[in-house]
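For reference, chains read A, B, C and D in written order, and residue numbers begin at 1 within each chain.
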Amino acid sequence: MIEYTRVIKHETDRVPGFGAEVMRAPGCEKLASCIQCGTCSGVCPVSIYMDFTPRQIMALTRADFKDDVLRSRTIWLCVSCYACTTECPRKIRITDIIYELKQRAIQSGYYPEHFAVPVLAREFTDMARANGRITESLLVMRMYLKTNWLAALGMWRLGLKLMSTGRFSYTPEKIEGRAELEKMFAAIDTPIPDYSPSGAPGEETKGTQP
Amino acid sequence: MKDEPEIRIGFYVCHCGTNIAAMIDCQAVARYAAQLPFVAVSRDYKYMCSDPGQELIQRDIKEHALNRIVVASCSPLLHEHTFRNATEKGGLNPYFFHMVNLREHNSWVHSDGSKATAKAFAQIRAAIARVPHHKALEVLQVPIHPDVLVVGGGIAGIHAALTLANAGKKVYLVEREPTIGGHMAKFDKTFPTLDCAACILTPKMSQVKSHPKITLWSFSEVVKLDGYVGNYQITVKHKPRYVNEDLCVGCLECIPACVFKTPKFPDEFNQNLGKRKPVYIPFPQATPQVVLIDPEVCLNLKTGKCKQTCVEACGDRQAIDFDQRETFDDIKVGNVIVATGFKTFDAHRIPQYGYGAFPNVFTSLEVERMINTSGPTSGAIVGRDGKHPDTVGFILCVGSRDEKTNKWCSRTCCMHSMKLAQLIKEHCPRTEVYIFYMDIRAPGKGAEEFYDKSLRMGIRFIRGRVAEVTDWAVTPEEEGRLVVRCEDTMAGFVRRIPFDMIVLAIGKEPQADAQDVRRLFNMSCGTEGFFLERHPKLAPVSTFTDGIFIAGACQGPKDIPDTVAQAGAAAAEAMVLIDQGHIEIEPNTAHISEVDCSGCKSCLPLCPYTAIAFIETTKKASINAALCKGCGTCVAACPSGSITQNLFEDDEIFSEIAGVLAYE
Amino acid sequence: MNNEPFEPRIVAFFCNWCTYTAADLAGVSRLKYAPNTRVIRVMCSGRIDPQFILTALAKGADGVLIGGCHPNDCHYAEGNYKMLRRFQLLKRLLQDFGVEESRVRLEWISAAEGDKVKSVINEMTEQLRALGPLGMPAKFAAWDQEVEELQHQVDEASETEAAHA
Amino acid sequence: MKYAYFPGCSLKGTGRSYEESLLPVMRILGIELEELRDWNCCGATAYMSVDETKACVLASRNLAIAEKTGHRALVTPCSACYLVLNKTQHYLKEVPAISNGVGKALGAVGLSCHGAMPVRHPLDILLNEVGLDAIKQKVTHPLTGVKIAPYYGCQIVRPYATFDNAYQPTTLDRLCEALGATVAHYPLKTRCCGGSLTGTMPEPGLHCAYQLLKEAVKRGADLLATVCPLCQFNLDGYHDQIAAKWEPVRLPTLYFTQLMGLAFGLAPTQLGLQRHLVPMKPLLPVTA
């Protein structure tokens, strides 16, 4: 018996409006003019590790295949090197679109439990918010503990070297204005960022509607 | 208006199918107009510009004794003429008509029906307030000088000049390079038929030179244009070529005689791939067959110290003239055809593709010269390292379809690259040729077949825009070669392919001085910098200035067949005016009421056409209607209000202002 | 005034060759912009008499937009410069009248810049919405009334004078 | 010349040798860097993946503090900080949704940010304000005979940098030449070092670092010059793992400021060179 490896996608696999929603986020509006030329994939330094190439992510997003996009490994592999954004002939800010997709994936829990990238991102934001600064050594330790503490064991040699060269910090860096920072965040605490989708998609008039 | 009969306005609002009616309630507009002062008839109709629509106006004029017509439809730039004609056919002076732009300025640009309809009310109220002030005007007629100036001697200019000359019209053809022929003269073969460019072009070039009706001025530029349609005065500058064109017989004996024994200066015609001497002819079939001397490198012109062996070789023909200076000619023509062509994209602007950094990266035009048997390599494809490439990669859309450089498609780089690829395959069938493309654009006669032929010849097509050309090797076979990195979007993975030669299919741009040329000939440019046609579909070779036509790639990228078709069209448009013998011009000129003029002379310096004269005997200003072009600047500036502009009288505009504001 | 937002009325004078054509282009390109502007076509921005602008404001416009060709691009060589000179003088006058600077605007818009027509009109509409109505007609009415009252006083005074005589 | 200075978290941790070399070198050239009072994390790329507005809030608190100093520009040596602070400036101008949120957050603590303070990289200051001639004058121990692979990394040239070409940057090349060194042709000068992936997804992350090192070795470079703490860490810290997975490509990676310090005659320990895991002593005759 031969198992099938390709699937036929049905309209029910799409989440209509997903692409349009992504395009309303800052920096993402130009996705509509993607011509699928593949420059982004060609310049991407980590594309070989991706399940979908960046170009395919653009196509899937625009076509509303929310599940495939948010479950894809590609978005977590993006290292924010901005090569795609700089080279895109349509000036699409691909890196910013990937950020947007990461945010959506984190908000709706679309990633494996011990997946390091989102865990690091979460730990990073928690530490930045609590202390005002990042202490890399402690951040990485926390990430390993939450994802794969065995891996941390594998890093002991590097850790020791960092300690011996004075690059490993044992105590967290903290700013004085922590209360001030918390007050700032509290002022805008909303679970999901609101990009106020004004009007129907494709509506060009801004603020002139009744 | 006192002695005139009672004003009776006919008002018509056009649905334009659904173009207007879908956004604006046309029936409500007609009802609104019906109750405005002086309106005798108010109707809405599906298509006012159609014959029945125009007949409706004519019938109403008779049946309802109308004496003013207002049509609310599209832009006056499109159909004002149509409705003026209808008004005239109905028995009224055509200038008793006024038009309201409900489509371009309203229904197409708004998305709220009730607000659009309210705006329409204001627009038509203005027109209905304005039109009673309209006066009967006579059309002005201007004679057309029968001669034509053609600017640019590429295939477009050559074809336009020959068409006109064969019809018996006198033509001046001005070309700024030392020879006519343009880009086409550099091509080896032409797609999709692969006929040799020189074989089809050079006969036309020599026809130009020998045609009794054509004056060919090469190495010359238009520096000044005055006048108006039918009566242009033009100044042409002839640059010194240090060779007397009338005395040179094109024997070329001066070239081997030059004190520089070997050619050592970059040869522009061969894209700097070859070398030439200070005294040279761009290419063997150059027209006119006259040599020229490059003052930048000629020993005699630079230092004054040279044995002048060229003069010796010329002998008693005495064609070489080191004292030659710029000269000027003044001519009069009725029409001008601008065919100034394009510039190729500078591949240095995309450093990722390594042009200038890696010796074996070439532009498509360089390869075009290389593959030409009379070119710098006598037809051989060789890299700058002297080796014949086993693998050649063509990168398409270099400087095209890219928002960081040029947004537009070059329209020819797919076909051009396929042509070069086929020629390389023909020259050396073992060569592996790849074409990296985003979309293959092969419209037009024979083009799809040409694409199919390329595929069958084994040219490999990879759909993906190349990310980078690099000398970063990761496998042994990549060492020392140029590696293309790109996503093969059809296969769905990123590939690295090593090449011996990369060819960049460079895009087309407006000429570097397109803005100066545009100002010189009073034309407009589109956002991308190509000259703007009057209407993209219906007036593709006309400009907004009467008597100035455009043809070829100066209007936008195009291939040779389209260029020749446009050149023929431009010649035909010029001939229409010439054979009419005169042109009717809009009577929107200004005139001065002598009684009211205080003789303050404020208006005199304002007129760019020196149409206003001060009459010493009466101490009053006076406008020459033949010179006035109807801008109205003097009208706005006249302190005594004694200048009036037809069609734009103060009363008319004031009532329009009141009209647009009368509706809440 | 009910709860509807204030909708400013803008009178626009566009030159035939550049800005009017650009507005046509905006239409052909189906760009969407605020419906608050009414366009009056002139052949050249040089034809625009400052009186046109003042009349528009006096008759109830909340703003006036003037569109001409870019410098050096005038179809009539330099009409746009002539307009610019007048415009600078007019701005001072309007300042004295207490008319905010953003109510009268001069823009160079070439025949190719349909998108600029859209952005300028939208921007100006927003600005004028924020500024609120200009209300010149009411002011003129008040001024007229003042003059009438003065005239009345003068008439009365001369009548009494006449009676005394 | 005096500038406001934003070191960023790395320069207080794993990248402290960057700061240790930056400050004395700048002082020698007459530039004073005044550290922002109580600065906080810039937000970095990690925060961008969670919440863009909040990332911009973090960055804009720093910008607000910097604006209060009245200095002509804010100098930040870390590429990520440079990118995030610049990106925030752009977003504050271009994206109302974000500038409103930031305005609200800053307003809650009585701060404000006008987005008017230029954020610049020390390399930009050195090339465009100080000038190569002034730098050459301070060179007492030219790096003659040292072949350097100039490595810019991603975020100082993309996408917001204006001081160098995004595709073919040359500022670092010219600086190295001014120090007397030879510059290797290095086609990977703007390719990513692996960024934070070296920690989260080691294989792809280290593969990036491996490729960079391998090409530098192949091009005959003695060392890599870098401008970013994360690049330095990735290229310096993982040689064991790289050797285990692929092949040994041991090459030291120095901050450009350390190279300048050496050329200016400072001792290696004054420049934090002892903190690096791949020693560079045998390579640099001047430091002997």
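Everything below uses one rule, namely that contacts are C-beta pairs under 8 Å (C-beta built on N, C-alpha and C of every residue); 3 or more make two chains touch, one makes a residue touch a chain.
A quick note: this is a predicted structure, and the numbers were derived from the prediction, not measured.
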Report the chain whose mean Cα position is at the greatest distance from that of chain D. C
If you count the contact pairs for each chain pair, which pair has the most? A-D
Which chain, with its centre taken as the mean C-alpha position, is closest to the global C-alpha centre? B
When centres are defined as mean Cα positions, the distance from chain B to chain C in whole Å is 36
Return the distance between the CA-based centres of chain A and chain B, expressed in whole Å. 48
From the C-alpha centre of chain A to that of chain D, how far is it in Å? 23
Chain D residues counted as touching two or more neighbouring chains: 167
Touching at least 2 other chains, the residues of chain A are 48, 203, 205, 210
Hunt down the residues of chain B that sit against at least two other chains at once, touch-wise. 111-112, 115, 352
Using the touch definition from the top, list the residues of chain A that touch chain B in their complex. 35-44, 47-48, 53, 55-56, 87, 89-91, 203, 205, 209-210
In the complex formed with chain A, which residues of chain D make contact? 9-10, 12-17, 38-41, 43-54, 57-58, 61, 83, 91, 94-95, 97-98, 101, 104-109, 153-155, 158-159, 166-167, 190-192, 194-197, 199-205, 207-208, 237-238, 240, 274-277
In the complex, chain D touches chain B at residues 165, 167-168, 185, 187-188, 211, 215
Could you please specify the touching residues of chain B with respect to chain C in the complex? 75-77, 101, 103-106, 108-112, 115-116, 118-119, 122-123, 126, 519, 522, 524-527, 532, 544-545, 588, 606, 608, 629-633, 635-637, 645, 648, 650, 653-654, 656-658, 660-661
Hey, which residues of chain C end up touching chain B in the complex? 9, 11, 16-18, 20-21, 23-24, 26-28, 30-33, 35, 38-44, 46-52, 55-56, 59-61, 72-73, 75-79, 82, 86, 110-113, 118
